[in-house]
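Below: a set of structures, written as structure tokens.
Same chain, two partners: chain A is paired with chain B first, then with chain C.
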Partner chain A sequence: MLHTVNKSSFERNSLQSCLNTIDDTSVILLIEDGVISAAKNANSSMLADLATQGRVYALQGDVDARGISSKVADNIKLVDYAGFVDLVVEHGTAVSWV
Partner chain B sequence: MKFSIQINEGPYQHQASDSAYQFAKAAIAAGHEIFRVFFYHDGVNNATRFTMPPQDDRNVVNQWAELDIKNADGEPELVVCIAAALRRGMLDESEAKKNGIEGNNIHPAFRISGLGQLIEAGIQSDRLVVFGD
Partner chain C sequence: MAIKKFMYLNRKASYGTAYAIESLEVVLIAAAFDQDVSLAFIDDGVYQIVEGQNTDGIGMKNFSKTFHALGDYDINKLYVSAESLEERGLTADDLMPLVYEDEDDDWEEKPSVKIVSNAELTKIMSEQDVCLSF
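Moving on, here comes the complex of A and B:
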């Protein structure tokens, strides 16, 4: 499954709820204000663990728009909208944590 | 692959409609089909033909309209939830007539229909992606 999270973890706990519930094969895509959680200082250890496994993505345009391009945590992969589409194709059901 | 998209927020308060539009455009560019876009809750506000943004700003409603998402019968597949639309003062010609109200504001690239259209989109499409807040 693909889980998209669109809120900063400083604003809502949707990322934490997502991290608490996803299975071992799911991936997370951070979009909109969700990309704030991709910044090094905002990064939770659970998210960092998933990123190490190559299972965390962030939307490049939203990262750039928020000025955190140089602060994205290691192992978080940046994708554009074409990459977003590919993730939806590849991972089956898309769950939006809105 | 066949995609459908659900949008739950209006055009300016949240990023949902912009994100969904960029996603739809990328999906079409990659050769995928958009089966239906369903506008629900405040998302119905993306369908007004009376929007007049400044010239140097994107026109969210026209952007959607220009994607020209139609089915084989030529009907728009930008579908606006009827219950959500009516309670927000969003009417097409037939709903305006039915309710004795002069004027209507649904852009011709969109059509009003029921929630069953969302369920059908979920069944008929390979993927349903939700954008909201």
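Moving on, here comes the complex of A and C:
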């Protein structure tokens, strides 16, 4: 499954709810304000393990818009909109944690 | 018209919701009425004035440049929460170098942004007539 998260982990618990229910093969794509969780910050530990497993993606355009491209945490993969489509195709059912 | 002290509390990042741009609109309106305006950037609001925003990839207007115009509207009190910055792995160096020209000091260019603790912010807020949260 593909899980998209579009809220900042500092403001909502969407990312935490996603992490609470995600299975071992699913991946997470951070979009819109969700990309704030892709930056190195006090909440980075939330995604560190999944990122090490190569299961965390962030949408490049949203990262760039927020001026945090130089702060993206290790092992988080950046994708463009075409990459977003590839993830949808590859992982089947998508869940939007809005 | 009586001048009141208005503080705008900016709590959200710029492009995920309309709060940030709406706040900026209202700030400029208050300035047009010659009110005493100050801005606070707390929580994810600190992302609004991060340097180097590029919105080409999301098809939205990069309104961060508008913050550079605030000095010309005599808005030169921009307070940023030190705690909010630190929590997000940001420092003063990551913020846009916003300045104003001080008419009382031979129009010398001075920084508008001041990093303050939440305790200092509490005090500044208590001195306002109106606080609006976005």
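Please note the rule applied: the second predicted complex is superposed on the first by the 94 of 98 C-alpha atoms of A that agree within 3 Å, B and C clash if a C-alpha of one lies under 4 Å from a C-alpha of the other, contacts with A are read in each partner's own complex, and residues count from 1 in each chain.
By our rule, a contact is a pair of C-beta atoms (placed from the backbone, for glycine too) under 8 Å apart; a residue touches a chain by one contact, two chains touch by 3 or more.
What you see is a predicted model, and the numbers here were worked out from it, not measured in a lab.
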Combined model on chain A where chain B meets chain C, clash or fit: fit
Partner chain(s) touched by A:A48 [first = chain B, second = chain C, both, neither]: neither
First, second, both or neither for A:G61, with chain B first and chain C second: both
Partner chain(s) touched by A:K40 [first = chain B, second = chain C, both, neither]: second
Vertex chain A; arms to chain B and chain C (CA centroids, nearest 10 degrees): 80
Partner chain(s) touched by A:V79 [first = chain B, second = chain C, both, neither]: neither
Chain B versus chain C as contact partner of A:N6, first or second or both or neither: both
Which superposed partner A:V98 touches (first chain B, second chain C, both, neither): first
Touching partner for A:E32 - first (chain B), second (chain C), both, neither: both
Minimal inter-chain CA distance - chain C and chain B, angstrom: 5
Chain B and chain C contact sites that coincide on chain A, given as residue numbers: 6, 32-33, 61, 80
For the chain A and chain C complex, residues of the former touching the latter: 6-8, 10-11, 32-33, 36, 39-42, 44, 60-62, 64-71, 80
Chain A-facing residues of chain C, complex: 12-17, 43-44, 47, 50-58, 60, 62, 64, 86-90, 94
Parts of chain A lying in touch with chain B, wherever the complex brings them together: 4, 6, 31-33, 61, 80-82, 84-86, 88-89, 92-94, 96, 98
Residues on chain B engaged by chain A in the complex (per definition of touch): 1, 3, 8, 15-16, 19, 22-23, 25-27, 29-30, 32, 127-133
